[in-house]
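The two complexes that follow have subunit A in common; it is paired with subunit B in the first and with subunit C in the second.
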Partner chain A sequence: MSSLLPEFLLILTAFFILIIDLFDAFNSESSLSPEFYALSGIGFSIISLFALWGYAPTTYFGGQFVVEEIDIFFKGAILVAGFFTVTLLPAIFNLKNLVKNHYPEFIVTLLFTLSGMLFLASSRDLVTLYVSLEMATLPLFALTAWEKSKFSAEGAIKYLILGAVGSSFLIFGFGILYAFTGSLSFESIRVALAQPHQDTLNLVLLAVAFIIPGLGFKLTLFPFHTWAPDAYQASPTPVTAFLSTASKVTGLVLATHLLLRIFSFQLKDLQPVMVVLSVATMTLGNFVAMKQENIKRFMAYSSISQAGYLLLGFLTLSPEGIASVLFYSYIYIFTNMAAFAVITLHIEQTQKQNILSLKGLSKTSPGYAAVLMLALFSLAGIPPLSGFVGKFFLFSIAAKQGYHIVVAIAAINSTVSLYYYLKIIKQMYINSPDEDTPSLKAPLVTKAGLILATMGTVFIGLIAPFYDQILWASEQWFKLWIK
Partner chain B sequence: MGILSLIVFIPFLTAIFILFAKSPKTIKSIALAGTGLHLLASFVLTYLFFNSPQNINPDPTGLSLQFVEKWDWFSSFGVSYFLGVDGISLAMILLTSVIIFTGVLASWNVENRSKEFFALLLLLVTGVFGVFVSFDLFLFFIFYEVAVLPMYLLIGIWGTGPKEYSAMKLTLMLMLGSAFLMVAFLGLFHLSGLNTFDMTKLAQVNFDLQTQRWIFPTLFVGFGILGALYPFHTWSPDGHASAPTAVSMLHAGVLMKLGGYGALRIAVYLLPEGAKEWALFFMALTTINILYGSLGAIKQKDLKYFTAYSSVSHCGMVLFGVATLNFIGFKGAVLQMVSHGLMTGLFFSLIGMVYGRTHTRIINEMGGLAKVMPWLATSFYIAGFASLGLPSLSGFVAESQIFMGGFMGNPWHDLTWMRVLTVLSTMSIVVTAVYVLRGLAQVFMGPITNLHFNELTDASLTEKVTTALLIASLFFVGLYPKFFVDMIEPAINPIINRLNM
Partner chain C sequence: MVLLPTWMILAIPLLSFIINGLFVRRFSGHLAAKIGTIAIGFNFLFSLALAYYFFQSGELSTLEWHTEWLRFQSNLIIHIGVMIDPLSAMMLVVVNTISFFVHIYSLGYMHDDEGVGRFFSYLSLFTFSMLGLVVAPNLFQMYVFWELVGVSSFLLIGFYYTKPSAVSAAKKAFIVTRFADLGFLIGILLLGYLGLSVNQGQISSVYSPLDFLFLNNPDVGLQLASSGLLTTGLLLIFIGAAGKSALFPLHIWLPDAMEGPTPVSALIHAATMVVAGVYLVARLFPLFNLAPVALEVVSWVGLFTSLFAAVIACTQDDIKRVLAFSTLSQIGYMIFALGVASDLYPLGYTASLFHLFTHAFFKALLFLGAGSIIHAVHTNDVWQMGGLKKYMPITHITFLVAVLSISGIFPFSGFFSKDEILTAALESGHMTHYLVGLFVALLTSFYMGRIYFLTFWGQSRSHENASHHPHESTWVMTLPLVLLAILALSSGWLPFANYLWFAHKHDHHSLNMTVAFSGTLAAIIGLSSAWFLYSKNNFSKVQKIQTGMGQAYQIIKAKFYFDELYLFVTHKIVFNKIAGPIAWFDKKVVDGGVDLTGEMSQTFGQKLTLIQTGQVQNYIIWFIVGFITVLTLYYNTVL
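Now for the complex of A and B:
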């Protein structure tokens, strides 16, 4: 059962923390803080995950749970995002008042979400997929509302309702697929869809018509993105970071399952739809981001536009496509986490969420300003930072399919995005700070996470062997599945 | 690690060292030592280049690159770390080394956040050197953007006037240009069917006409934005006027040359058929460039705007030379890049020095300054003469070649049209004489208009070294053009051969 170990370790850690909390042990002087347990749990989970390398592919429960090389990379991305999120937590939770903030429960909820996401990556039939998707998203609603203010409740409710709507779209589509094919497993549905009858073609179309919006909700594609800015703003900042990284990767996992594992024969016909969704999403995200004054809402729209770029990777049924999506996911996680580490510290210590409040950061805290600048440039796709390489590969997928106009729109969109990223950099570097602005301080764990994320932002895109491994993993998968 | 990697990364390492330096004085010394070392390295490179066997017996079919360094990078994606140098690159490297060295000298009095200033300046130059020696499109693109982006902070923090507006406008317009480049590069990559970004291999491919028709203008406009192609030049006057001295020097002197360099090296070389289709159109645009820039300069009241418009005109000549599609025109274009680089470098450094004393750049507020600062006035006049194309200075050599090229025409276009455009462009020489002589006379000749000017001093030692170095280079190119011509000609041959194929 070693293939289940990564998920198992997360759940074990969660229960372990719950038990310690039960005895009120976190409040004693000698106790290690909860994030220590969570970080080691996630760390061991990552190790056990990559220990599976070489044993893949393995199959459990009659093909409902499969670990392939490509899944290892997807799960790795989710776990890395989870790891960085936990490093942000000490910055917002007051250590002297752990119980009042329900810090241990917070971490436990986060770990449950993570394990749901891991299960999602390995699921190979519709029921497992749906259950693990709910397991991944339900705890997130609670995390969003953690601050228990009116405002956070509003955001969480919006997220809950729209998330439920998205899920119901999905489950309805799944129902039609099941009715049509009589099967729940991805592979047999895919084969059954290979040559649909003329009179059942409409049914397939109907299923697609429900599943694409469902996917759109999870992946924040236009016009299903509306929950994101509110939920991002309402959440505690580390949760915002988690939503924009781990949650996004989960959306990509879902897209991989649905578009490549189920609708692989329909992908060619779906291309125009995806191109329109992708272009609309990146353009809307960018143009609305320009107008934002709140940092979190701003990051929400920025991450919406990133989802638009990511969708380009699904235009092709080839290993390069999924490899570039995965490669960009890793880059995006490191970059976004570096940005969010600084944003978390800033929001927590100044209690201001306004972009204007970042003014003069380069004078008060030069190191943190430099990190945020690097991260924003990477998000804008400026070489030699990682974000550029990732974007270049994604755009290349669209160019390969002959969509040169789409590449042009995406590239111009990158320029537009540079405008609003530069506006933040202008606040930090050109404007002067208020007189009594103190410099930012970070707990040790957060600082270590921040340094790690920054290293990733700068270097991970330049490491060719890393991309080659991902490409190799995708090729293995394609050898197995798409003949 | 070969000599070319050294050429690219000496400025970068210098920037790293600067980050660890403490006092402003050490920072400046490190910057000066680094760029001085770099100047030396590029002289060594030139010496080795002329004495290498490849230069004596060049391979007529390929680019005949020297000092090639090639390592696979993203091998599945056809990306390699591929550096090489030919005559055109070498000329540009020499130019850039001189400009950055004098640029560091010219910013000797930057006190505000000098650490960041010099680090960014050197980072920018790393990008510039990288562009000139990389022969892999992916690598080229990386360096290209590294050369463009630090400009935002350099202008935004240390600039003057409406600096935030200018910095944003400049950055966004140039990034729009690189968005075009990215589309074109990806198009070349996929349509070649070779799965490679290697320029020497892409140059073996005969892209079909349909492809060439859209990729060539995309590339030419992409590079043209940086080369101040009309109507995409509008970032340039604002940007140059707001930038601090060294940044104006680098930007007008070197960075705008990336546009001309890319248009010649990538657009024309890789897509000869597209070039034949579009050349006349772009020739017409650059004619507007040349005339518009010089006429615009007449009306300017600010010395920096004045030089910036003159740059638009002179950089138009570079692109004009590229659009002539003949040997002499190309040669003139490369020479003009060198010549204009040195000349604008001198102009902007002098403007910085004068502004540092008078605290005004408005032409009408100055007068009779030659009496108090004879050295600066003489230098200014020499720069002016170079820009109006006085023989014995570099401008003459370059411009005469460009216009000769335009007048001689090429086999693919109507000779009458080309000659009409060339004659129209040559008129700019007269206009240039008008604005240069009138402007300089107002600033330096006549009686001193403001009593406070009497207390001003002439150039200090560093300033004298800066200007003397640039003036010497101007004379060197003007009096002994053979040095650069011998360097450039073998590198132009492959481009011409591909056009004639």
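Now for the complex of A and C:
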């Protein structure tokens, strides 16, 4: 059962924290704080995950739970995002009064959604997929509403309603697929879809058309993205970070399942749809981000545009495609987490969410300003930072498929994004700060996470063996599964 | 040859530049000076050993080390590397020797200057660039380093950047040479393009079209020549060479370049960088040989430059400017020597490079001597010097050696190389070249005699306090003078033709008595008339000649108004008629277009924000719109 260990460790940690909390032990002087348990839990989970390397692929429950090499990388990305999110928590929770602000429960909820995401990555049939997707999404609604203010409740309710709509689209599509093929397993559905009869073709079409919006919801593709800016803004900042990273990777896992594992024969015909969605998403994200004044909303649109870029990796069924998606996911997680670490500290300590409030950050907190600048440059894709390398691989997938115009549009979009990222950098570096603006302070854990994320931002794209491993894993998966 | 890691010859000065430029000069300029000097000293020994081993081995050319840099196509690959052949081995020795001596000299000359660290960093950069140019195995690498020497020359001319004249001189040098390099670049592209279509089996598969070993291959050359574009390509390349070597009409930057510190003038603007054009033509000589028209142009440009500059040099008052025009004239000499060479009469090729070799030593010596004088009397004007023989004995003797050498007096080195050039012109049947060359030799000895007598003889005409006597420079400055004087004396005796030849090795040629005699006579006439006019403190005869020449003298003294002509062309025609309208277009149309794009993007973004109404109902409508779009789009693709 060792293949299930990563998930088990997360759940175990969650219950362990719940039990400690039950006995009110976090308030005692001698107790370690909850993030310590969470970080060790996630850390052990990552170790046990990569310990599976070499044993993959393994199959459980009659093919309902499978761990392949690329699943290990997907799960790894999700866990890394979870890990960084936990490092942000001490910055916003008052450690003096843990029980009152439900810090332990927060972490437990976070661990539950993480384990749901991991299950999702290993699922190989529609029911497991759906259940683990809900298991991953439902706790997120609660996390979004954690501040319990009117504003955060509004964002969470919108998220919940649209989540329900998205799920219903998805389940509708699943229903049609089941009705059509009589099977729940990805592989048998895929095979059945290989040569649909002329009279059932419309049914397949409908299934695809229902499933794409559900996927679009999770990945924040235009026009299914509308929940994102509101939910991002309403959430506590670490949750925003989590939504924009772990949740986005979950969307990519979902896209891998749906587009590559189920609709692999439909993929060629889906290309126009995906190109339109991708171009619309990156364009909307970038152009609207330009006009944003709230940092979190701004990051929401920035992450929407990144989803547009990421979709390019799914245009074709090739090891390079999935490898570039995975590679970019890691880069994106490190980069975004570095940015969010600074943003979290800033919002928490100044209680201001306005972009203008970042002015003069380079004078008051030069180190943090430098980190944010690096992260934003990486997001904009400036060489030699990792973001450039990642984008390069993604764009080259589209170029190889002959979508040169799409690549051109994506490149123009990157230029537009540089404009608004530079707007923030200008605030930090050119404008002078208000008088008596205090410099940012970070708890040790947050600082360590921030340094780690910054190093990733700078170096991950340059570590060739890392990409080679991912590519190798993708090729393994490809050989095994696409015969 | 495998014994020596030849890439080190580039690595050492580069390393010295990086270490000094980035770190050391910040806290100690003098330490940077010492590091730079030691590094180049090492390079100096290294290049001597390299040349020794190379000429011992008797190989014709070796590609010592190279690595792939850019791969454009499978048959168009650019390498960077080190190529050693007789030509580059000779140049390595010249560059490193002069550079090393100039480094030592500068330890004294720049000692009290604030920017000493910066100065030595730039010197290292220059040496690195020049060596990279010399050892380049292909035109592309040569072009890269060609530009790098341009940059370091720019930095060093403008070294005293608080002086407006230095800044504008630096700009002028850079722009003029850069402008010429445009021709060079187009020439490279043209040759590369032609080279791609050449198919010579074995050679084509080993080398890239821009490799010298490819271009200089006889079979390849013939095929290139048959394309009919070879002459054009070579003339374009020659424009680049003319820019760097300050040949007429691109000579205008060199006299102004004397704004740089004097050691720089000695190193860059006399001995090494300015002869890069000669080097380039010599490097591609097998191709030039196949394009007689191009060679004809080369010879006439060289000849005219040498005469033109020698005439101007006779009228200048600034000692460094006289030397600058003298450099122009001598480079013209080398160029026309190349121009009269061919595979039938290859002597000009050897003579030209021989003159490059000897000229490097005595011209560097002249400049360093001038620097020593300027250091002592604080002026550049020869009319304010005089009588320095007494106060500066070492400078005096060494300067005299250089003067005799450049004038072509036996047994000084200039005699041999100049003699060889004139012989080459005579033997290949270029009578005009021979006679004009002889006349230039006369002028050369005249103007060199003029500054020599004005500086060292007669009485002091200094405006400074009479009690303040100029005194000899310190040993770090006089030591290079003495060493260079020894080289200026002896380098002519080298059996140069045994090492460097074109087409076929000729025996160390015996003196052509006609040439030797007429050349020496010209030198003696020049020197003695200079002695007659300038050795005493009575200049009434000079005055008389000047007034006698009237307007002509003024025109020559104003350097034939070439600077004014260029200013007129650039300011009145280029700036007003061409640059003005382009600037308008740029401001209104290009910038306006950019601004418009920006504003449109902003408006577009603003409009798009309207999607985000905050109403869940609207969001769900978007959801359904999206669903319908996907359905329609997909439906249309499938059916």
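Everything below uses one rule, namely that the second predicted complex is superposed on the first by the 483 of 483 C-alpha atoms of A that agree within 3 Å, B and C clash if a C-alpha of one lies under 4 Å from a C-alpha of the other, contacts with A are read in each partner's own complex, and residues count from 1 in each chain.
The working rule: contacts are C-beta pairs under 8 Å (C-beta built on N, C-alpha and C of every residue); 3 or more make two chains touch, one makes a residue touch a chain.
In this text, all values refer to a predicted model and were calculated from it rather than measured experimentally.
K.L.:
Which of the two partners, first being subunit B and second being subunit C, lies in contact with A:Thr226: first, second, both, or neither?
P.N.:
The answer is second: A:Thr226 touches subunit C but not subunit B.
K.L.:
Have a look at where A:Met290 lands relative to subunit B and subunit C in the superposition and call it first, second, both or neither.
P.N.:
The second partner, subunit C, only.
K.L.:
Under the stated touch criterion, which partner chain does A:Val273 make contact with: subunit B (first), subunit C (second), both, or neither?
P.N.:
In the superposition, A:Val273 contacts subunit C only.
K.L.:
Where does A:Ala209 make contact in the superposed view: on subunit B (first), on subunit C (second), on both, or on neither?
P.N.:
Once the two structures are laid over each other on A, A:Ala209 reaches subunit C alone.
K.L.:
With the two structures laid over each other on chain A, which partner does A:Tyr467 touch: subunit B (first), subunit C (second), both, or neither?
P.N.:
A:Tyr467 contacts subunit B only, not subunit C.
K.L.:
Once chain A of both complexes is superposed, is A:Pro384 in touch with subunit B (first), subunit C (second), both, or neither?
P.N.:
A:Pro384 contacts subunit B only, not subunit C.
K.L.:
With both complexes overlaid on chain A, does A:Lys400 touch subunit B (first), subunit C (second), both or neither?
P.N.:
first
K.L.:
With both complexes superposed on chain A, which partner does A:Leu418 reach: first (subunit B), second (subunit C), both or neither?
P.N.:
The answer is first: A:Leu418 touches subunit B but not subunit C.
K.L.:
Could you figure out whether subunit B or subunit C reaches more residues of subunit A?
P.N.:
Partner with more touched residues of subunit A: C.
K.L.:
Do subunit B and subunit C touch any of the same residues on subunit A, and if so, which?
P.N.:
In the superposed arrangement, which is not itself an observed complex, subunit A uses residues 419 for both subunit B and subunit C.
K.L.:
Sort out for me which residues of subunit B touch subunit A in the complex.
P.N.:
It comes out as residues 72-77, 79, 138, 141-142, 145-146, 149, 152-153, 156-157, 163-164, 168, 171-172, 175-176, 179-180, 182-183, 186-187, 189-190, 214.
K.L.:
Applying the document's contact rule, which stretches of subunit A touch subunit B when the two form their complex?
P.N.:
377, 382-384, 388, 392-393, 395-396, 399-400, 404, 407-408, 411-412, 414-415, 418-419, 422, 425-426, 429-430, 464, 467-468, 471
K.L.:
Taking the complex as given, what residues does subunit A use to touch subunit C?
P.N.:
Contacts found on subunit A: 157-158, 161-162, 165-166, 169, 201, 205-206, 208-210, 212-213, 216-217, 222-224, 226-227, 229-230, 269-273, 276-277, 284, 287-291, 416, 419.
K.L.:
Using the touch definition up top, name the residues of subunit C that touch subunit A in the complex.
P.N.:
Against subunit A, the touching part of subunit C is residues 601-602, 604-606, 608-609, 611-612, 614, 616, 618-620, 622-623, 625-627, 629-631, 633-635, 637-638.
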